[in-house]
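A quick write-up on the structure given underneath.
Note that the chains take the letters A, B and C in the order they are written out, and that residue 1 is the start of every chain.
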Amino acid sequence: MTREAPEATQPGEEDLENLPGGAKAAVEAVLMVIDQPATEEELAAGLGLTVEKVSGLLAELQREYSGYTVKAPDMDQASHAGFGSSPRGFELRNIAGGWRIYSRTDFADIVGKYVLEGQTARLTQAALETLAVIAYRQPVSRARVSAIRGVNVDSVVRTLAQRGLIEDSGTDPESGAMLYRTTSYFLERMGIGSVAELPQLSPHLPGLDGIAEYYDAEGI
Amino acid sequence: MTREAPEATQPGEEDLENLPGGAKAAVEAVLMVIDQPATEEELAAGLGLTVEKVSGLLAELQREYSGYTVKAPDMDQASHAGFGSSPRGFELRNIAGGWRIYSRTDFADIVGKYVLEGQTARLTQAALETLAVIAYRQPVSRARVSAIRGVNVDSVVRTLAQRGLIEDSGTDPESGAMLYRTTSYFLERMGIGSVAELPQLSPHLPGLDGIAEYYDAEGI
Amino acid sequence: MAESKPGFEVRLANFTGPFDLLLGLIAKHQLDITEVALATVTDEFIKYIRNLQKLGGEWALDEASEFLVIAATLLDIKAARLLPAGEVEDDEDMALLEARDLLFARLLQYKAFKHVAGLLGESLHQEAMRFPRQVALEEHFAAMLPELVWKHTPEQFAALAETALRPKAPKPTEVGLAHLHGGNVSVKEQAEIIGLRLQRESPLTFRAMIADAESTLVVVARFLALLELFRDKAVSFDQLSPLADLAVHWTAGGRQWSADNLSEEFEEQL
């Protein structure tokens, strides 16, 4: 195992390894108190570890929680390396660029009874379509979303903003129109790391090479 | 192992055992996401298990998290029974009859430092405005405040509650949504004796009534 | 439309089946849009929606607005398809053909977004089955937070509340809407323009009528307006040979005519 040279003020890896459970448990301890996803960089900086080390520990924890037996190279007793063969009730996921603990899907019904807050009503078809246009065309003005959907979207856009799924993203320098983009909460709710992970739009959209130019030409 | 006869609508022990990780993982799933400590009775009711069964599972989880090798009587492979010999970064504690998962005390320094990183002594503009809306429209639900502010206020409301400026004030009998009000600490910081002493607002501002119609129309 | 409900079915002389399938066939050019009796489709749809309402279906509104979007686009395409389909002879015909393709592209794009919206809905639903750990800070950590700096007087706080509670002023989007759309082109407005022009001078060629059109949309709108005027028996056409100039005659005479009397069909702005 290579040891990094921690800064003097940081707890550093050596100190952490002296605590029960070591650096891995320290990462776990922090994951218990965060209320939004933490990036590997934030965790590394807070714990005085390198990003590589933190990445490795997170991957190890993720495997342990999912019930795979871990054989870490520096552990003597693989059977004692952590969680055994059965999956835990929770999982560690990397969403919207950060790591966070979630209850496992299998227990959705049971957990749902305890966690009423934060459960949001399903979006209407109109809201979903508007959200889709904004997600794939961001940053985009309301007028352009309206033009694509063929209906006025003002109230739907307001609802999506209230739900925290979209936000203002400044104004278009040319038209002065307010532009909208999706939020990191949207990524969290979708369970993806970035908008690049959204399903491809083009397979559903054949022969539309000219459409963007059309809208641009119209100044929408 | 005795098997209980759960109510028809409850998941019941037999169903739980068919899920990955079984009843123990189900208890864990709930414990990982609840904010308020849950009693054994509450857990038993939600899971469709007997209180005895839940007690046993809680004790088992507590031991696992603390790193004792578990030898459950009905398990063949003790080494695979759960967490191995090294303690986790979290612990299961029973405080005043309720169970909740906390970060392990050994890591208090590290976690404390992580939590304080980037914390400011000042409220953000978003937090101040949200607090103002709650102060003048209390008791009020998060969804209503979101509707007034036009953005999602979930994390800001959490910050204000954490800072002791607002608190739960029961649930709305109609919607079942959690309502918030300001605290006596808020009055203290404002230097006033009661919310009645807050300066009057212009009578032209829309009250909750106007918002309610708008809000119901949105179907939120 | 979700699989859980039967969805809207169309019964026409040359097609019977789900509305979605009809759109698919048109999209794949396997069915000519000009052969679809849109009026019949609309009548059937209204019947279908009434039934849904009777059953208390809450999706009636969603489905109705979706139908309106598609039907309006189909109507646009159908109208554009009535253009001469022969060889492209000059830039003007080219522009009209492009307008038709763009309208068609708009329909395809709408359907594509509708499809991915379904995928997004599915992801959101799946993710809603996982709950993040999002607990309040443990008390001993909360106690470590720096003491709050509070320097607002009750008056300043009230001013803050005034700002927060005041209804938000319309965003700049609203102000610039007309020019953002490249100028909303209204069929009714264009009908007014060509109506007045024809009352002054008749006959006029279509070419002359669109000579001053500043965009393709205006050309399309004027064409649609002519169809409307024709239906209202305000104009008549003659054309000496296929693809020759189309001469438009004003036939409403001196009787009271106003674009306001045009049917509501083209209320929607292009």
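Criterion: contacts are C-beta pairs under 8 Å (C-beta built on N, C-alpha and C of every residue); 3 or more make two chains touch, one makes a residue touch a chain.
None of these values were measured; they are calculated from a predicted model.
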Chain whose Cα mean lies nearest the overall Cα mean: A
Please name the chain that ends up farthest from chain A once chain centres are defined by their CA atoms averaged. C
I'd like the Å distance between the centres of chain B and chain C, where a centre is the mean of that chain's Cα atoms. 45
Using CA atom averages as chain centres, what separation in Å is found between chain A and chain C? 35
Averaging over Cα atoms per chain, report the distance between chain A and chain B in Å. 20
Interface hub residues of chain C, defined as touching at least two other chains: 131-135, 137-138, 141
Listed in rising order, chain B residues that touch 2 or more other chains are 32-34, 102-103, 111, 115, 150, 158
Within the complex, which stretch of chain A touches chain B? 11, 16, 19-22, 24-33, 35-36, 45-47, 67, 69, 77, 79-90, 101-104, 106-107, 109-111, 113-118, 121, 124, 155, 158-159, 161-165, 167, 183, 185
Chain C to chain A touching residues, read off their complex: 59, 62, 65-66, 68-69, 72-73, 101-102, 105-106, 108-121, 123-135, 137-138, 141, 171-173, 175-177, 179-182, 215, 217
Contact set on chain C toward chain B in their complex: 131-138, 140-142, 144-150, 152, 154-155, 157-158, 160-168
Chain C-touching residues of chain A, taken from the complex the two chains share: 31-33, 35-36, 90-91, 93, 100-105, 108, 111-112, 115, 118-120, 122-126, 128-129, 131-133, 135-136, 141-144, 147-151, 171, 175-178, 188-192, 198-199, 201, 204-208, 210-211, 214, 217-220
Chain B contacts chain C in the complex at 32-35, 100, 102-103, 108, 111-112, 115-116, 119-123, 128-130, 132-133, 135-137, 148-150, 158, 161-163, 165, 189-192, 197-202, 205-206
